[in-house]
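What follows is a set of notes on a single structure, which appears directly below.
Letters A, B, C and D mark the chains as written, and numbering starts fresh at 1 in each.
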Amino acid sequence: MQLGVIGLGRMGLIVVDRLMEAGHNVVAYDLDESTVERVAEAGATPADSVTDLAEKLGEEKRIWLMVPAGKAVDATLADLDPHLGSEDIVVDGGNSHFQRSVERSEATEAAYLDCGTSGGPASAEAGFSLMVGGPQWAYDELVPALDAIATGRAGHDRMGPSGAGHYVKMVHNGVEYALMQTYGEGFELLAEGRYDLDLESVARTWNNGAVIRSWLLELCEEAFREEGVDLGDVDDYVAGGSTGTWTVQEALEQEIALPLIYQALSERFGSRAPDEGRFSRRLANRLRYGFGRHEVARRE
Amino acid sequence: MQLGVIGLGRMGLIVVDRLMEAGHNVVAYDLDESTVERVAEAGATPADSVTDLAEKLGEEKRIWLMVPAGKAVDATLADLDPHLGSEDIVVDGGNSHFQRSVERSEATEAAYLDCGTSGGPASAEAGFSLMVGGPQWAYDELVPALDAIATGRAGHDRMGPSGAGHYVKMVHNGVEYALMQTYGEGFELLAEGRYDLDLESVARTWNNGAVIRSWLLELCEEAFREEGVDLGDVDDYVAGGSTGTWTVQEALEQEIALPLIYQALSERFGSRAPDEGRFSRRLANRLRYGFGRHEVARRE
Amino acid sequence: MQLGVIGLGRMGLIVVDRLMEAGHNVVAYDLDESTVERVAEAGATPADSVTDLAEKLGEEKRIWLMVPAGKAVDATLADLDPHLGSEDIVVDGGNSHFQRSVERSEATEAAYLDCGTSGGPASAEAGFSLMVGGPQWAYDELVPALDAIATGRAGHDRMGPSGAGHYVKMVHNGVEYALMQTYGEGFELLAEGRYDLDLESVARTWNNGAVIRSWLLELCEEAFREEGVDLGDVDDYVAGGSTGTWTVQEALEQEIALPLIYQALSERFGSRAPDEGRFSRRLANRLRYGFGRHEVARRE
Amino acid sequence: MQLGVIGLGRMGLIVVDRLMEAGHNVVAYDLDESTVERVAEAGATPADSVTDLAEKLGEEKRIWLMVPAGKAVDATLADLDPHLGSEDIVVDGGNSHFQRSVERSEATEAAYLDCGTSGGPASAEAGFSLMVGGPQWAYDELVPALDAIATGRAGHDRMGPSGAGHYVKMVHNGVEYALMQTYGEGFELLAEGRYDLDLESVARTWNNGAVIRSWLLELCEEAFREEGVDLGDVDDYVAGGSTGTWTVQEALEQEIALPLIYQALSERFGSRAPDEGRFSRRLANRLRYGFGRHEVARRE
């Protein structure tokens, strides 16, 4: 089938590659012309604007957006809007908030699919996991493309109506934070505990048959192999956090407790504390003097 | 090679099977004679006592214990002790506390290997992950047997000196608790959140290419398939907890914070609260009356 | 001075009483006429509508709202609006969200003070703690009334511009949740730990000289005295939660970790779990079967 | 009555002062002779050894130990032992582990009281809260002295048999950690949140009538007054932790969840992390590269 792909960043390029490898026709557009050219050399039809892309797709347009969540999605949709009708399908493959996706689906005449995409650049070869929300007919229509982008038929499904795809992806990411931090806790105890252990060997042994084996644990093994078992100069600074924050916010609204996911998010915030440290602990330090006349540790 | 296996429970039987399939000779003993007979029919040499097993093994005995952690290990070791010399090797493949393993290794003349075994009965076909602590020569000597019991060469390694195997296994289990609870949190939000989702489909889609794919997530998928996506009559009651407790205790001694693992352990304790509920919450309920005259919820 | 008080619930009545005891003149209004009558008998000037109240106050109106947070505030403000000018002052003494207070302050010509009120009905005699946000001149103007409603001069202050009062009160409540749950944890361990203790005696002994003495601990002592040290039929069900939820939401926005406050809020959510229990634990229960063939606890 | 006091550190001196002010006779001993001399000038009978103190007390000795928990207690008891009989009473007023107190009570012929002492040096004038465990007759015998050392009759009580006093004090300290950290969280959000607040004013306003008023909050107010509302050069480093660790250990043994207290203890451990930061977060940082090719923050 023929698909338009807008956004040729790291993830968008993988989408294009996987579609073309599976024999689909791609019309590609990006703000960066040189990337469009590169993709054209590989066999895609280049477009020099959103309008150009829309025209080249003709009737029954199927368009995959792989642009950064937020304003870029709205800007692209604004450009696309005049060209869209009810027989067209637009997919947002990025990390948009599910409520924004619901609003966008309501604002366009086209069928709008929100598609959570997991696996990251590292999944270029094996394919992604795709969680799709939106009209059934549009999902059905896109199955051949989804088969190509995902790991295969089992790697994608329609989660439910509009928003459900990004909703499931949001929760996926909340879980991801906590899984990462959990492995981190285990390896921290091993690294600083009472034995002198080769953490790469630990990770490899676990990855071969242990209950806790997983892809993230394979990435731990890779990290120890590449950085050394003391993680070298890797800093205690964890960036990101928006999807985890959304997960906690939604759980607050649903009155559901997510203590592990919250704690994992907290560790990120904690890793980004100001230079003088966390105010809460500084106060606790001072309070110990208040009642017990314990010496107050002070910065130099 | 020839191995004695003591303890033919679910895990011990798998050990025997895998050893024999790989062509090793097994002398088998269990308190339950009928199990010994069954194993004998499958090709193992039966022993009718620990002493008998020791005699049948002759010089340079290699003995694998697969008995419940605690008194059963000590009782077996007491029976074995008169038969053991410095050229013999005893492996404890159960979930013993690492400090007990160190003590036991010091109490016997034989080389003592503590072997954390992960994968559980479900790993019968694929093999286990084996984390071994103890003397290098004894580990080297046992490699052919470890190759057979584990998933293969990559599925076992010597973690370090005595105790290191059970230490790594202890931390493995702490991590396991938190991974399970993390997936639980994610699915809880999906189950009770704003979309009506097919959790089996979610789990399957995630298991095919998503960052959070893992064996435990495959078991979630299986659980939803077998129990239904509402988990049917599965109760909010999580048994077990000793290895997770040990992990937290060790981390307290090392002054390392494990908030996610602790929280996962707490959820187990919470699931086993008395019928009248958790005292802490009952007091909070009453305090709200104390200052705000909010109505006190009372049991009938 | 003369004040209008709108809303004669439990808290509003205390406000009226304290104002009149201090010699201030009160014009009182409530939807419930009988309450207005009662207050009139005690010396207040009754009003039979918001308009009536506004007219009776004349120029330079000072009006204290003590109505439930949310729609009731907006409805009252809508009624008041035609009567308000820039020389008038309106105080919202309820638990409104600080952002709503900022919006309301911007929507009215009057000076708008957001006033967090802590102490609850139990503070009728001793007076409240009042955290005020809004224009300095309006705060200064109201000091005599604030002196009367609060514990005295030290019991109120201007926290900052519009919203600051309700902001500080919001955080106060988040702290309150965690303090309550902390005492709860301590008494839970004492109640279920290894000694048979008289918790009322523990609380009383602590309240006399211990580092952790506090008003909430006095309320614990009272609870044990009145309910018995096993808390009798007090249920494991903690209602409420909106201000704690706001606190966590704001902290998410500020990227500040509040693990104790979050946990206290989580315990409330947990106490209100569905009958079949928490999904996360039910899944963990089932997963233990998945890998270890541990028996699955099932509901009858 | 007459009491021997051994240990004239900060707390021991307060005990002596309060006893003498109440008209009791004190025989005092400390390793530091100059402190003994000072106390003698104030009216106490000096002793130049434990034996001397025992002899000066004569029959029916009542001896208060205020020496550091641990070896100092055992060393003092070893010196005292030859002089003790079943009609004598020894009180350990320090922060000993309750199980050590039970063992010590069993090892001596004297009646042994374990006495948790809360309030710290700051309570010199107002008196302490004393939680006593041990034989009823010995407690009764000491009531006049306890009245003097505590805030008065309400400030001490017998919690139960041997160990119960130090048990309740242990839990008290666990609660103390979490209360401190809770106030810390609240003030952290206020300090770094969206308003520019005077935290001293906040604390003072809360201390006058708010639900969360407490002695610890008075100490917060004092801290802001003395250090400035940004806490100046007070470091993010919280020392101590043994009693909190014991509390969590005991709760693990009792299978009771203390998530807030555990978290407070974790913050202390976290504040003492190695220079390169927490391994768990460093691994999470690196894993984000593993799956998403997010840039890895590195130390310089």
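Methods note: a residue touches a chain if its C-beta (ideal position, glycine included) is under 8 Å from a C-beta of that chain, and two chains touch if they have at least 3 such contacts.
Note that this is a predicted model, so its numbers are computed, not measured.
Undergrad: Of the other chains, whose C-alpha centre is the longest way from the centre of chain B?
TA: Max centre-to-centre separation from chain B belongs to C.
Undergrad: Are the interface residues of chain A and chain B largely the same numbers on each copy, more than half shared, or largely different?
TA: Counting shared over all numbers used gives more than one half: same.
Undergrad: Centroid of chain A to centroid of chain B, CA atoms only: how many Å?
TA: So the centroids are 33 Å from each other.
Undergrad: Whole-Å distance, chain B centre to chain C centre, using C-alpha means?
TA: 48
Undergrad: When the C-alpha atoms of chain A and chain C are each averaged to a single point, how far apart are the two points in Å?
TA: Here chain A and chain C have centroids separated by 40 Å.
Undergrad: Which positions in chain B touch two or more other chains at once?
TA: 119-120, 123, 181, 183, 185, 188, 192, 211, 215-216, 256-259, 263-264, 267, 270, 291-292
Undergrad: Please output the residues of chain B touching chain D within their complex, sorted ascending.
TA: Its residues touching chain D are 211, 241, 245, 248-249, 252, 255-259, 262-263, 265-267, 269-270, 272, 291-292.
Undergrad: Using the touch rule from the top, collect the residues of chain C that touch chain D in their complex.
TA: Those residues of chain C that touch chain D are 118-120, 123, 126-131, 150-152, 154-157, 159-161, 163-164, 167-168, 171-172, 174-176, 178-179, 181-183, 185-186, 188-190, 192-198, 201-202, 204-217, 247, 250-251, 254, 256-261, 263-264.
Undergrad: Once bound in the complex, which stretches of chain D touch chain A?
TA: Residues of chain D touching chain A: 10, 119-123, 177, 180-181, 183-185, 187-188, 191-192, 215-216, 219-220, 222-223, 227, 231, 233-240, 259, 264, 267-268, 270-271, 273-274, 276-288, 290-299.
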